Each structure stands twice: as C-alpha cells, then as structure tokens.
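Below, subunit A partners subunit B and then partners subunit C, in two separate complexes.
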Partner chain A sequence: MSPLTYILGFPFLAALVILLIPKNYRFLIRSVALVGSFLSLVVAVSVFANFGSAPAIDGFKFQQMVPWIERAGISYHVGVDGINIGIILMAAVVAFAATAMAREIKSNEKEFYLLLMVMEGGILGAFVSLDLFLFYFFHELALVPTFIMIGIWGRGPDKNYATFNITIYLSLGALISLIGLIALYVQSGANSFDLIVLTRHIQQNPLTLASQQVIFPLLLFGFGILVSLWPFHTWAPLGYGAAPTSTAMLHAGVLKKFGLYGLIRVAMPLLPEGASTWLNVIAILALGNIVFCGWVAMRQRDLNLLIGNSSVAHMGFIFLGIASLTTVGVTGAVVVMIAHGFLAALAFGLNGYLYNQTKTLNIDELGGLLKKMPFIGTAMIMAMMAGCGLPGFANFAGEALVLFGSWKAFPVVTGIAIWGALVIGAVYMLRAVRNVLHGPDDPHWNEVKDAGLWPKIPFVLLIVALLTFGFVPRLLTEKIEPAVVELLKMANKNKPANPTVAVHGQISSENFQ
Partner chain B sequence: MNSSYILELLVCGLGLALLLIDLWTPTVHKQKLGYIAAAGLLTILGFSFFMDATVSYTSFNGMLVYDPLALFFKRFFLSAAVLVTFLAIDFSDRISHGIGEYYSLLVFALAGMLFASSANDLIMVFVSLELITVTFYVLTSFQHKKTASIEAGVKYLILGALSSGFMVYGIALVFGTANTTEFSALKAAAITNSENPIFLMGLLFVIGGLAFKIAAFPFQLWAPDVYQGSPVPTTAFLAIGSKAAGFALLLRLLCTGVPNIAEHWNTLLIGMAGVTILYGNLCAIPQRNLKRLLGYSSIANAGYLLIGVSVLSQAGISAVLYYFCGYMFTLIAAFGVISILSKQNDSEDISILVGLNQRSPFLAATLTLAMVSLAGIPPLAGFFGKFLLLSSALERAPLHPAYYALLLIAIIGVVISIYYYFGVVRAIYWGKDPGDLSPVQVQMPARIALVLSIVGMIYLGLLPDRALKQSQRASSSLPTSAIVHKAAAAH
Partner chain C sequence: MNQTFPWLILFLPLIAAVGITLLTQRSKSLSAVLSIGAIAASFLLSLVLFMSLKGNIGLNETLAKSWLSVGNLQVDFGFKLDSLSLLMLLIVTGVGTAIHVYSWGYMHDDPSVSRYFASLSLFTFSMLGIVLSNNLVMMFIFWELVGLSSYLLIGFWYQKNSAADAAKKAFLTNRIGDFGFLMGIILIWALVGTVDFTRLQDAFRANPALLGTSATAAGLLIFCGAMGKSAQFPLHVWLPDAMEGPTPVSALIHAATMVAAGVYMLCRVFFLFSPTALEVIAWIGGLTSLMAALIAVQQQDIKRILAYSTLSQLGYMVMAVGLQGPAASMYHLTTHAFFKALLFLGAGSVIHAMHHEQNIWQMGNLKKKMPATYWTFLIGTLALCGVPPFSGFFSKDAILAVAWEHNSWLFCIALFVAFLTTFYMFRLFFVAFHGVGKSKSVDHAHESPSIMTTPLWLLAIPSVISGWLGVEHFVGKNFGMTGDHHLNFIEEIFYPFSHAPFAAMTGIMATIVGFSLAYALYSKAVVDPLPEKLHGLSRAMRNRFYWDEIFNGLIRITHEAAATLANGIDRWIIGGFFVKGLHGTTEFAGRALRLVQTGNIQTYALLLVAGLAVVLFLILH
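What follows is the complex of A and B.
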C-alpha cells in the first residue's frame, strides 16, 4: 500500500474512531484527532524526504491503483510528482496545526472533530488523487464540512449570511467544475477518469477546438470561483471572518488551492488551445485580485477581514504565474501556493488566538498588545512581513519567481502587480501592526495572556516551515521544476517557440542561497 | 408455459389472499396481516431473482413484453413494496379501520406497477396506470378522520381523472390515425404519421398523462397537496413506485413506440426537465411541512430524471435506473423517520426535528443521510446518480447545445436544494428550544426498513459498480442504437 493512502487514511480512521466515542469523553476525542493528524503529518514528511530517491512510473511516484467503478472508468489512483508533493506536505502541516487550534471549540466537540477529520482526509485525498472523479469526490467531501462548521461554530453577527454566501458560491463553483471534468471525460472518448490514461489519450487524439473552447472556461470559472478569482471573491473574506479558526486555516490555507491545482494539473495541459485564448483574461483578472482586493484590504477595520482580503489578493500572483505559462512562472505559482498555505494558516490561527483573548478583532479597539503577548505579537509581525513579501519567507521566493516568469508575457500587468504587492501590501500590513501591536498601553487588555507552551506549537511549526522554504526554496523548486517542464510541454504545444528550456538556468540563479 | 407474467399473477394472488385472510382474522390481530404481506412480497422478490434476466419475448399478442428492463423494474417495485410494507406495519396503529384492505391495496397498486413495467401497448399502458391510480385514490384518503387525508384523496381523484381523460383521448387519436396501439406496429405508423397533427396531438396527450404520474411540469400541481395529506406509507409508495411506473412507461413508449418523434421532441423534453427542476427547487425553499417539502423535492427529482429520458441514449436510461435505486432507499429513510416522529407529535412541521439528535441519534443520523443523499453529496447514492445523469447529458451536448443550458439549470437547482435540505439537518442538530426531549421508540419493522435503506444508500454511493452493471444491462434492452450511432458519427 502506498504511503499516500496512509496520509489520507489516518484522518478518516480518526473520524471513524471519534464516531464510536461517546460525546462526553472530550479529551479522548481531541487526542484521537491530534494523533490522527500527527500520524498523517509524519508520513507526509517521510514521503517528502524520500521523494528524490523513489522510483517514478509515468512521472508519478508512490502510486497505488485499485479499480473502483470500472464501468465508468473510475479507480482509486493516488500518486505524487513535483507539483503536489510540496502541497501535500503543506496540507499535512496545516491540518495538524488546525487540529491543534481547535481547542477553542467548546460545544458539540464530537461533531466538530468528526467534521474536521473528514475535511482533512478529503483535502489530503484531493491533492494525491490521480483520478479526476476521485479528485472531485475528495474535494466535495472536504467542502461540505466547511459549510457546516461555519454555520454552526462560526462567530460574529454576519455568521448566517456568510454561511449562505460561501455555500452558494462554492457549491456553484464545484458543480461548474464537475461539469467541466465530466465533459472532458465524455468528449475525450478515453473512457477513463484516470489522469495518466486521459493524458496519454489526449496527446494522441487532441480534443477538437470547439470542445476545448467550451470545457476550458467551465474549468476556469468553476475552479476560479473556488479560488476566489476576482470578481467571484466576495465569499472569501466574509466566510473566513465568520469561520471557526481551524476551518479558516484549513480552507484558506489548503482547500482553496484545489482550484489552482486543478488548473495547473488538468486544464492547462489537457486543453492547451482552449487555454491559449484565455491567458490574457486570466492575467487581467489576476490583476483584479492583486490590486482591487489589496485596495479593499487597506480599508478594513477588522483584522480577520483584512487577512481574508489579503489572502484573496495573494491568489492573484498564483493566477498570474499560471497565465505566464513559463517554467519560472508556473514553478513560482506552485511555490506561492505552498507558501501562502502556511501563511494563511498562521495568520488565521493568530487571529483566532487573539479573538479568544480579546473577543474582538476590530483594529481600532486593539492596541499595545506586543507588550502583553510578546510571542503572539512577534509571530504576527512575522506573518505580516511574510504577507508583504519580505525576503527570507517562502512567499518572497514564490512571488519573485512569478514576477520574473510573467514579465515577458505581460510586462504592464507585472509592473502593476509589483506595485500592488510591495506598496499596497506593505501599507495595510504595517498599518495593522502599528495599530494592533504597538502604541500606548491599553488598560482594557490587561487580562490578555500570551500563548503557553502547547498553544505555541502550531505557530512555531508554521513559522519554521515558512522560514525553511524561504531560505532554502531549492527544496521545493528542484522538485517542482521538472514536473512543470513536463506539463508545459503539453500546454505550450501550439507555440513551439516558447523557450521553456532556456529559462532553466535562470531558475537556479534565483534560488537565493 | 410462458412465464413472463408469473410475478404479476403471484402478486395479484397475494392481494386476494390478504383480502380473504382479513375476513377470518379477529380485529385485534389484524395488524399482523402486514407481516404476511411482507413475507409474501419478500418471497416473490426472492423468486424474481431466479428468473432469466437475459431473454426477452412478448405475450398476449404483444400486449406484454418480458425483457431485462421489465425485470429490472419489477424487482425495483417489489423491493420498494417490501420496504413500504415495513413502514405501513409501523404506521398501522394510526389507521382506524380496514388495515387489512390497506395492505391488499398496496399489493394491488404493486400489481399495476408490475404490469406497467411490461406494458407494450397503449391499452396496457392505460389499464396498468388506472390500476395504480385508482388504488391510490383510496390509499391517499385512508385516514378518514383527518380532513387533510380526505382532501388529498379528492384532489388526487379529480386531477387524476382529468389526466386519465386526456390520456384516453390521446390514445383514441393515436389509434384513429395509426390504426394500432401496439408499440412495435406503432413504430412503423409513427414514421408515416410523423407530420400528421392529429397523431402528434394524441401522442402529446399521452405524454401529458404520463407527465402527471411523474409530477413533471406543467402537471405537477397535485403533488405537494397529496404528499402532505396522505398517510406516510402511501406518500412513500406514491413518490417511489408511482413515479417509477410513469418513467418505465415513458421510456418504453419513447424508445420502442415512437423513437423518431421522441428524437424530434427532444427539445420539448429538455424544456420540461429544466422548468420542472426550477419549479420544484424554488417552491421547496419556504416549506415548513416535511412531507410537503419532500413533495416539491420529488418534483425537482422528476426534473433530474427527465434529463436522462431526454437524452434517449443507453447511458441516459441506465442513469435513470440507477438514480431510482438510490432514490428509493433515500425516500424510505426520509419518510420512515417522518412516520415515526409524526406518531408522537401528530405534526409534520420541521420543528418536530429539533432535539432529535438527543431523542434518537439513530433517527437523526438516518434523516441526515437521506438529506445529504438527496442533495447529491458524496459518498451517498444521490451523488453518483446525479453524476451519471449529468454525464449522459454531456455526451449529447456537442450535438444539441440546449443541453448546456439544461445542465446550468440543473446545477442551479442542486445549489438551491442544498439550502433547503441542509435546513432540515440544521433543525435536527442545532435547532433552538427543543420542547420535548423524551426518547423516541423505534419498532422493529421500521428499524429494519431504515437500516436497509442506510445500507443501500451507502452501498450504492461507495460501490456503485454492480448496480451500474445491472442498470446498464437492463437499459440495453431498449432500442436506442439509432441515436447513439448518430452521436458517434458526429464525433
């Protein structure tokens, strides 16, 4: 059995065990959840560490395939290549941190941990799937608990509205992408949802231009809604503002990347001609994310809404990297996906901690908190700095690669994006740091406490990950790049002039070491 | 001996036997008749699995046909009847008079459904439908002391009679122009009459009569009222059996009787499916009565099923068959829970669900699974059924772009439905102010039905391969080759 099956299996197993524990054994329930997500983290780390030496079949390592619904060409097929290995490690780290942060839940713990474990299993499953049906199946399995968790354990006056909003947007996005995936299956004629079989079949018999032009926008906008592509992003800040901490960490950090992963893995390589007509549109919409949502973030007075909007803004870099269709740009996009996963989890986790201490996240009411909580305050400054792209954090590595990669294809857009990233991001992040952490002592907050030893662990874990990949991005890029080159060979089929190999040298010079 | 109608004979015999046994049973023991009915039906269901599922032949000069599709539907109706009988046993203490007749009427309605699955002639279509509908007039109004039940019966009677009238008129027009009512002869006549307005009008009336059975727009008005007023087992059987019988007839008529016109009227079916989906889902949003909510949801589901019918391909038909299997387990679970709860509270308002997870975690979980499956969320049966329907429509979409619009409507419908199905789940687990927190007793027969339906929902959702094989084999007995070839040629 592939270790990947263990990675996604442990959370599901934990869910099953929790189902059998009576609901008043709260400590036991929490322990089972922690153990489940910790074991899956351990396996994920070992898979990441052994990735280089493992043998690859058809470009994928650690594969396992079990026929499932043979009549519809569906199987349980998992495997990793350079693109999803980092995402899986990130997902496992964030899943463990999110489980640790679930301490704040004080009612119906059993149901919460059950849903949390199903969500984690679904997330990890979605990113290891090599079968499009399985890919969607796991995503949906993770998505539904999100809605329920926000609806029941969410906070704030807008809770019901936010739940309603996020449910409608994300269900619609998921279903549109489902239609796109089924259309891809049906119209390719491969009679299989298996990504490897489908890829091989499409390489030999490419889809007609007409089908590509129908399917690509279905996938682009279906996935786009799931990733909060501007202008379909309004659910995100609202939803994250109302979500319980663990849910916001998992969704903003990992689950949201599903759509981007789908674009990179499925839409771009399998529908190259459909994609080529939309690249400019994607770049412009990405700019909408970076500049417009950054601007909106500047106006926020609520820390959670600010982080929510800035997380939407960061998605713009990933879209821009994907639209560039260069090795450097797409590699950068994958690095940003991973870095942003750690960062979003860290920021929402810190916000959650702060909220539990102060019962408010209104920037105007907070102030002078760094003296009261030195650890949380420092961590928050680090998160803010990572958010505005300070070198040393993984985000910088990714964003720089994206900007280098997209310069040639979209010089104007890239120029504006740099301005958006450096100026707008810095303005709202630094302003938040000044208002929340610095300033005069507020006697209001004499009661707040800094995190103890145990609550520090998830934050330390996330910061260590951000710094590690920030100082040694080669750990990621050397894995990602070969896989991206393979994908781009298919995606750039119709423009052979594109120098995918020529940028090879450039990427290693950008390794910051 | 030609054994093609042996199941029908056995079921009719069982119905008569129940009536006779009822005569000699003292009143105190009459409730036990349900066990006899259930045992009889189970035996017949078991027997049906020994019948040859590969052959096909006709009897009574082509009036009845026996083929894999007919056998599939017969097994489906028998399983549904067994589960409904279990619900009826649980419900029997709320029927003051004539519980024996209630069981035998259920069995006679079942006989009508079995005939419908074999009907190969417009006369047989009408007779089997009348057998179903007339028994349901009585079954819907069986709680004489409840005005709502009588009202449901009267409404169903008036609208049902109207639709039967249309249908007979349509059959007369078809017979007048085509000079036959038998499907294989009709197929040839339909080609020569494909421009004849009288023939087409007759056919339209027949399809209208069938649309009434499946509660498709614009013949759906009766459904919410009748669902709400009828005794719960009747509602369940109406929603599962009667709807499936309508679809069995519609599929056979369109595929074997008038394939050329069905192809031509494709857009009509697409439009009907789209409007039905939107109507059912939009009207379900404000409902507070659980049975009424499921009434509107059954209209919406008729719309989803019509997607598969409008495709008229093997993939579409097998998707319809698969969807029905999942739908049966889901509805038995939902109506079973409603039946048990309404016994204690004498109400079907959504507020009776508040605190259910404390009163009976088993019932709470059952109803939640049913709602999740209806909403089409993995890993339950409803998801895979919808998946098959959508993919069958996408197969034809390049030829007929109207399918893209239909699919858009379908996903909007699914999104709306998530809202109201989750309203039910919300009431169960997180409803405010539970009034009564006494534990709910679940009797053995109802418990069996609920456990079976949970197993069915999960099995069909997680391991759909075997059921998919059965439904594909059944659907292959309908001639859809012309259409499929055309689609393949265009690729």
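What follows is the complex of A and C.
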C-alpha cells in the first residue's frame, strides 16, 4: 500500500465518517475533518522527506497499481517524481489550512465539511495519479463541490452569477481537455490511459504531426481555461470574490495548478511537435496574464478581486517558464506553482479572516488596521511582499528561475515580464497595504480583533512554508530538476542542440544540462 | 577565523532581529541591548578581520556554499573579502553602532521601540549582505531586502499618512531601478554564463569584448539599480520624502549606508562598463549633483537640506565612477558616511531639543544652548564643505582631480557644486545656530543627553582624520592602482597639493566664495533674502523643480491609464461582450428554439409534415 494512497485516502475516509455523524454534532464533524486533513499532511511531509532515498521504477517512486477496467486500460495507478512531490506537499498543507479556516462556516457545517473533504481528496488524488483517466476523474470530483460551496456558502452581490460562471466555464475547459485526452488515448493506439505505458508507446510510435496539431491545442486551451490563461481568465477573480474562504484557498492554491501540471506531465512531453508551433503563442498569452491582469489588479478596490487578479497574473509566470522549454525555466515554473499555492492560500485566508471581522473588503472603507491587528497585519504585509517577489519567500526563487530561463527564448516577453513582476506587482500590493493597514486609526474599526492562538495556526504554517522554501529553495529544486531534465529530453527531441551560451569562449548547449 | 567571522558578522544582526520580533517585543531595553550588541559585535569582528587581512595585497578571499543550482544557473551564497568589502564592512558596522546607540536615546520614549530595533537589525543584516556578497544574484537578493528594511523604517510611524506614503514611494521608485538591474543581471548571465564577481572579472580580463554589442546596454541596465538605490536623477524623488522616518534612520540608511550601496555596487562591477556607459553615468551623476545642490539652497526643513545635500554628494560619487575614478568615489563614500551621519545625528539632536520643530527659520542662537551639538555640527559642516584638513577636503579633491583629468565640463559643474555646497551648508549653520532665536521653542532648548552627544563626538573624530589614513590607496588596490602607497603621515596630508594642485586650489577657492556669500546673506538674517533676489528661480528651487508633480502627471497618463484601459477591456469586452455575450447567445438560442414547443398538436403535425417533405426532397433529389 503506497503512502500516496493514504494521502488521498484520509480526506475521503473523513468524508465517509462525516456522512455518518448527525448534523448537530458540529464540534465532532470539524474535528474529524481536521484530523483527516492533518493525517494526510503528515504522510505528505514524510513522503517529501523520504523522497530522496526511495527507489524509483520507470522514474516514479512510491508507486501503487491496481487494475480497474482492463479493457479500456484504466487502472488505479499512483506515483510521484520530482515534479509532483512538491505540489502534493503544497496541496496537503493548503488543504489543512483551508480546513482550519472553515471555522467561519456557521450553517450546514456537516454538508460543508463533507464537500471540503471530497474536494481535498479529489485534488490530492489528481496530483498523485499516473493514470490519465483517473487524473481527469479526480479533478472533476474536486471541481463539482465548488459549485455547491460557492452557491450556498458564498457571499457578495454577484454570488449567483459567479457560481454559474465559474462552474460552467471550468466545465467547458475540462470538457475540451477531456476531448484532448481521449483523442490522445485513441490516436496513440496504446490502448491504455496509464502514463508510463503511454509514454513508452509514444516514444516508439510518435503521433503524426497532423494529430498532434489537433490534440495539443485542445489540451492547451482546455487546461488553459482551467488555469485562467489569458483571455480565458475572467471566471477567477469573480469566483474567488464570491467563494467562502476555504474554497477560495483550495481552488486558487491547488486546483488551479491542475491544468499546468497536465501541460507539463502530458501535453509537452507526449506532443512535442504539436507543442513547438504553439510556444510563441503561450509566451504572448502569458504576458497577457502577467501585465494585463496585473493592470486590472491595480484598479480593483475589493481585496479579494485584487488578490484574485494577482493570482491570475502569477499563472503567467508558470506559462512562460513552461513555454521556454529550458531546465531553468520549467524548474522555475514548478517552483512558482508550489510557492503560489502557499501564497494564494495565505492571502485568501487572511482576507477571509478580515472579512469576518469587518464585513467588508473594500480598500476605500478599510484603513489603519495594522495597529489593531498586529499579527494579521504583519502576515498580510508578508503575503503582499511575497506576492511581489521579495527574496526570502519562495515566490522569488521560482520567478527568478523562470525569468533567467525564458530570457534566451523570449527576450522581449521576459523583459516585460520583469516589469510585471517587480513593478506592477509591487504597485497594487503596496497600495493595498497602504490603504488597509497603514494610515490613522479609524474609529469605525474599533471592534476589530487580532487572531487568537488557534486561528493563527494555518497562517503560521503557510508563512513558515513560504519562508523555508524561500531561504532554501534547494529543497525543491534538487527534486524537481532531474525530473524536468528527463521531461525536456522528450519535449525537445526535435530541437537541434542550440549553441546558446558561451562559457569562457566555449560553446555549450543549454538544453541538455 | 577568517572562515567563521564573516558568517557571524552577517548573521548576528539577523539573529537579533528575529529574537526581538519573537521574544523581546514587550521589553524596550532588552530589544535595544540585543540590537546594539549584535552590531557592536559585528563591528569588533570586522575590525579584527580587517587587521588580519589588510596587509594582504591582491587579497581576494571567497567562501561559498551553493544556494541555487539549476541547469547552468549557479547562484552561491558566498562572501568576497577584498579591500573594497573590508572597508565597507568597517563603515557600515562602525557608523551603524554609533547610530544604534544614539537611537536608544532618541527613540527612548516611543512605544514601538522594539519594532524599531528589530527593523534596524534587519537592515544591518541586509546591508552587510550586499557588502559581502560574491555574486550578482546574491547582491540583488540583499538589495531587495535593504529596500524592505527601508520601507519598514521610513514607514515606522505608519499611522501618519505622510510617512506611509513616503514608504510606499521609496519602495516603488527603487523597484523601477531594480527592474533595470535584474534585466542587466539576466543579460550578463545569458552572455557570459556566470554571475560570480570573481569569475566575471576573470572572464573580462581574458576577453574585454566579452559582452559584444550589448556591453553598453548591460552596463546601463545594471546602473539602473544604482540610480534607484543611490537616488540619482530621475529616480531621486524618494529620498527627500524618506525624511519622514526617524532621524537616526535618515542618518544610517539615507546618508551613510544604504544610499551608498549603489555606489558600492558600481565599484564592484566597475570592470563591466563600456566607455559609453561610463560617460552616461558620469553625466547623470554630475547633473544630479547640480540639481540637488540648487534645490538645497532654498529648503527650510533642516532634514530636507541634509537630504538634498546627500543627493548631491551621491551625485559626486556616481560621477567619479563614471569618470573612471572608482577609488576616488569610494574615498568620498567613506568620508561622507562619517560626516553626513554626524550632521544628521546633530540635526536629530536639534530636532529633539526643539520638540520636533524642523524649520530652520524657527531656530537660531543654538550655539549657546547646545554647545556639544554646535561644535560637532560645525566639524561636520567643515568636512562636508571640503575645508582642509578635514576629511571631506581630501575626498572631494580626489573627485575634482579625476574630473579635471577626464572631462572639463563636469569639472566646472563639480566646482560650482562645491561652491553651492558651502553656501547652503553655512546658510543652514548660520540660521540655525547663530543670530537670534527666531521662535519660542528656542528658549526651551537645551543640550541632548550624553547617550546622544557621545556618538556625535565619536563620529566627529573620523570626520576630521579620515583624510589622513590613506583610504584611497587602500581601496585602490582593488582597481589596479599601484604606486603612491606607503606614504607617510605628512605626505598624506599634503597629497592633494602634490597630486593635483589646480583641482585643490580651485576647490578651496570655491569653498571660500561660498562661505563669504553665505556669511554676507545669512549670518544675521531673520528671513530668507534670496526669494526677493531670485524670484522665479528661488520658487523653482523651493519646489524641488517640480519633478514630483511632473512624474505624477506622467505616471497618470501612462501607467495608470493603461491600467484603467485594461480594467475596462476586462469588464466590458472580455467579461462583458464575450462571456456574457456567450451566455446571452446561448440563452437567446434556447429561447428561440423553445418557441417550437408550442404544446399545440397542429404545430407538431405541421412540423412533422414539413420535416417529412424535406427528407423526401433530399432523398429523391
């Protein structure tokens, strides 16, 4: 029994138990949920810690395989390599933090925690899956509860519109990517959804250029919609603004990374020729995310909309790193995925706490809160600083890697992206701090209280994660880099070895290092 | 010893900062002890390190651990110990210790003193990181951290709107400089393959045309970082506003150390710059220096005058680098750190005594009331104005000499600035310390406690003697300057006259003219006589040549407008036209099709027959 099964199993088990508890035993329901996600977290941390010493088969560790529908080649197959181990750790941390933040839910707790557990199990399952069918299946399992959660426990005047908007838009994206995945399955002729089998099969019989050029855009835009690729991004700020805190944390932090993971894991290595024609498009659209959505964020007066747009902007860096197809760039992309997961969870969590105290997130109405809430205020400043790429937080390491790695392939785009990262990000983040935390005392907010001991825990956890990987990014990159190198061998196989970097007068090829 | 000392020097302040934040926030004195103890220890360790390593000509030690290693990007966490960094270590820790001690006196009554000391220690850590780093990326990291510390300290009294605004302005302006800086770093790495200073320098020595056609671009991009941090035009606008922070902060960060980081960085990577880049750098430095000096002539706030003076002196230092005189630049950086910190702390003493009155036209006759402050301030002023044998004379002369050698236009500008410097400094001096008391607050003024005046005397000593110690030659070893060292004491004092007599004499003359004019206009003045004489020019100077207003306007028409446009497109076109449009279209199609479902049997019969007819037509045709 692989420990990975425990990681996705504990939340599902917790959901089952919660189903049996009568609805008015609120404390018990919450405790079961917390225990479930905490156990999942513990296992995830231990897998992360033991990752280096575990044996690898076909490049993946901690595997477990249980055949399911043999005719169609579908099986329960889980495993980790350098790329998804960090994401799984991040997902488990964010899941626990999100569960902790669910204390704000005061009605129909049983249903909410049930849905939350299903969502957590689903997204953890998606990231550990090595079977493409279950990969998609778990994601949908995680997506559907968001509809109910935003619809019932959401807030704001746009709640209903946001609920339908996010659900239908994301379902559309998932549908397009499903078509792509099935097309891949059919065209490859491997008669298996298993990633390892598919990869081996495609390496020997690559798909024709014609089919790659159809399948890749399906996957790109399908997954792209799921990740709020520009211009398919408007669902995100709207949805996060209306969602309850736990849902926003889990969705923005973890679910959004699903599409990017799909691109890195499936689309780029298995469809290299199809991908190569789209790289420039991806880079330009990434710029749309970084700069356009950064500018939109600058004009927002609602904190959640601001963080939501900032979240969309950060996705641009990941796309840019992926499009660069260099070791440095793609490793950076994965690091940003992980770092941003922590950051989004922290930011939305803090906003949620603030909303509960002040009943508004309008920047113009808030003010002078740092004095009243030193802990939350400081945590918020840290989140803002991490969001604009301050070194010391994991986001800087990731963004720097992406920028260094993408320079060769897209110098102009990267140059503009640096502006987006350093200046645009700082503008809206610091304005938020200026208007919400700094400034004179506002008697309106005299009743506002700082976080007590228990509510502090999820925030401290997330900040520690950001700082740890910010000070020692090696913990992530030493795992990610080897896996990325393997992946790029497949993704770059048609590119001639480019003489890219002159080192002391000698030409060396950048791609194969 | 050499292996562990740099680690201790760097990390002791960080430990203090973390310790204060987590453990001693309630106790003011414990926090102060931690913070002062850390930097004092770092100073002592730096001194020992300096003594043991300084004799080593061609010194170039590095200790490195790998921090980030992906693909062919190798970023170390390492230290580069050479004469440049050793000198800077002493300045940062030495001046820093004096200011930390002074702060305890100045900030004693503030309720958030613990937070102050934690931020100050964080700053010390970050600044030492810049000094010690052995590669561009590590320097950039600490560069940003220094920006953070500055943000926290300028905005220390964040409940004041002006302070909160100033902090944000400083951070954002610096970020614009960092944008260019990072692009330059990436460009260099892409072309050369390494970010390590030593390896870069070796690569350049082996092949001076390494950067090819991008050499000037890379150099100027890197210079952007220095423009931001050292407040050169056009990124100078944040420095005067930064005076919102407590005065010891202004002394430490915005006079002696952080703003000098830009100059330090330029000297560190001096070998990268092409002649064109150096020319641009020199002119920007010279023009900044001139503009700032002119503005200082008509400022009334004592801290603002000193702030613009700092801007002007930084311009001198940058100009010197551009004129291929990095050793002269570092020399002036050193002396300036001492006397500028002294002047700011002196100003703080005055402000403290005047119950936070900062307008010089409300002061006067403080000579009698505050003798210690008076004499130390005079020493600082004489040093800044370049009066021999004070330290400023020697370093300023080094810069004038370099200017005379390379660019006569800039020499004239530099000379004029020397005149202006003396003029506005003695304007300040006479109005604040001489004449009659111009307001009630003067009557209550008295000398500051010894915890504040002792650092003043301590800083006065190097302000006087640091010109006699051969600083330029020590640091010049880094830049391949040979010969002329091992001068004895007397030769050192007369060095300017033997080395560049014309520059020295004209410099002294400019000082004399400036002093005389200031004496004539201000020694007995009760109101400022200049506005009447200079009209519009005086108003422009007082309004800082309107650059803040111009930039605000420019930003509004470009960046803000772009953001508004993007937001509009996002809401109305992408979200509105496309998404809602899709929604509307689908809904419309649904409604249209629904019309077919009339519930009326006749309709269905009609449709059945019509459909049958179409099918028959298609089959038979």
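Everything below uses one rule, namely that the second predicted complex is superposed on the first by the 496 of 513 C-alpha atoms of A that agree within 3 Å, B and C clash if a C-alpha of one lies under 4 Å from a C-alpha of the other, contacts with A are read in each partner's own complex, and residues count from 1 in each chain.
The definition used in the following text is that a contact is a pair of C-beta atoms (placed from the backbone, for glycine too) under 8 Å apart; a residue touches a chain by one contact, two chains touch by 3 or more.
Note that the coordinates shown come from a computational prediction; the quantities given were computed from them, not determined experimentally.
Contacts of A:Glu111 after superposition on the shared chain: subunit B is touched, whereas subunit C is not.
When the two complexes are overlaid on their common chain A, residue A:Ala183 makes contact with subunit B while staying clear of subunit C. Shared-chain residue A:Gly405: touches subunit C; no touch with subunit B. The partner of subunit A that touches more of its residues, comparing subunit B with subunit C, is C. Within the superposed three-chain model, A:Ala72 lies in touch with subunit B and out of touch with subunit C [touch as defined at top]. Once chain A of one complex is fitted onto chain A of the other, the partner contacts of A:Trp295 are limited to subunit C, with no touch recorded for subunit B. Touch criterion not met for A:Asp194: it reaches neither subunit B nor subunit C.
Once the two complexes are laid over each other on the shared chain, residue contacts for A:Glu140 go to subunit B alone; subunit C is not touched.
For subunit A in complex with subunit C, the touching residues are 165, 169, 231, 233-235, 238, 292-293, 295-296, 298-300, 326-328, 331-332, 368, 370-371, 385, 388, 390-392, 396-397, 400-401, 403-405, 407-408, 414-415, 418-419, 422-423, 426-427, 430-431, 433-434, 437-441, 473-474, 477, 481, 501-505, 508, 510, 513. Of all the residues in subunit B, the ones that touch subunit A in their complex are 372, 377-379, 383-384, 387-388, 390-391, 394-395, 397-398, 404, 407, 411-412, 414-415, 418-419, 422, 425-426, 429-430, 464-465, 468-469, 472, 491.
Looking at the complex, you find that subunit A touches subunit B at residues 68-72, 108, 111, 133, 137, 140-141, 144, 147-148, 151-152, 164, 167-168, 171-172, 175-176, 178-179, 182-183, 185-187, 189, 210-211, 214. Those residues of subunit C that touch subunit A in the complex are listed here as 66-73, 137, 140-142, 144-145, 148, 155, 158-161, 164-165, 167-168, 171-172, 175-176, 178-179, 182-183, 186-187, 189-194, 203, 206-207, 559-560, 562-567, 569-570, 574-575, 578-579.
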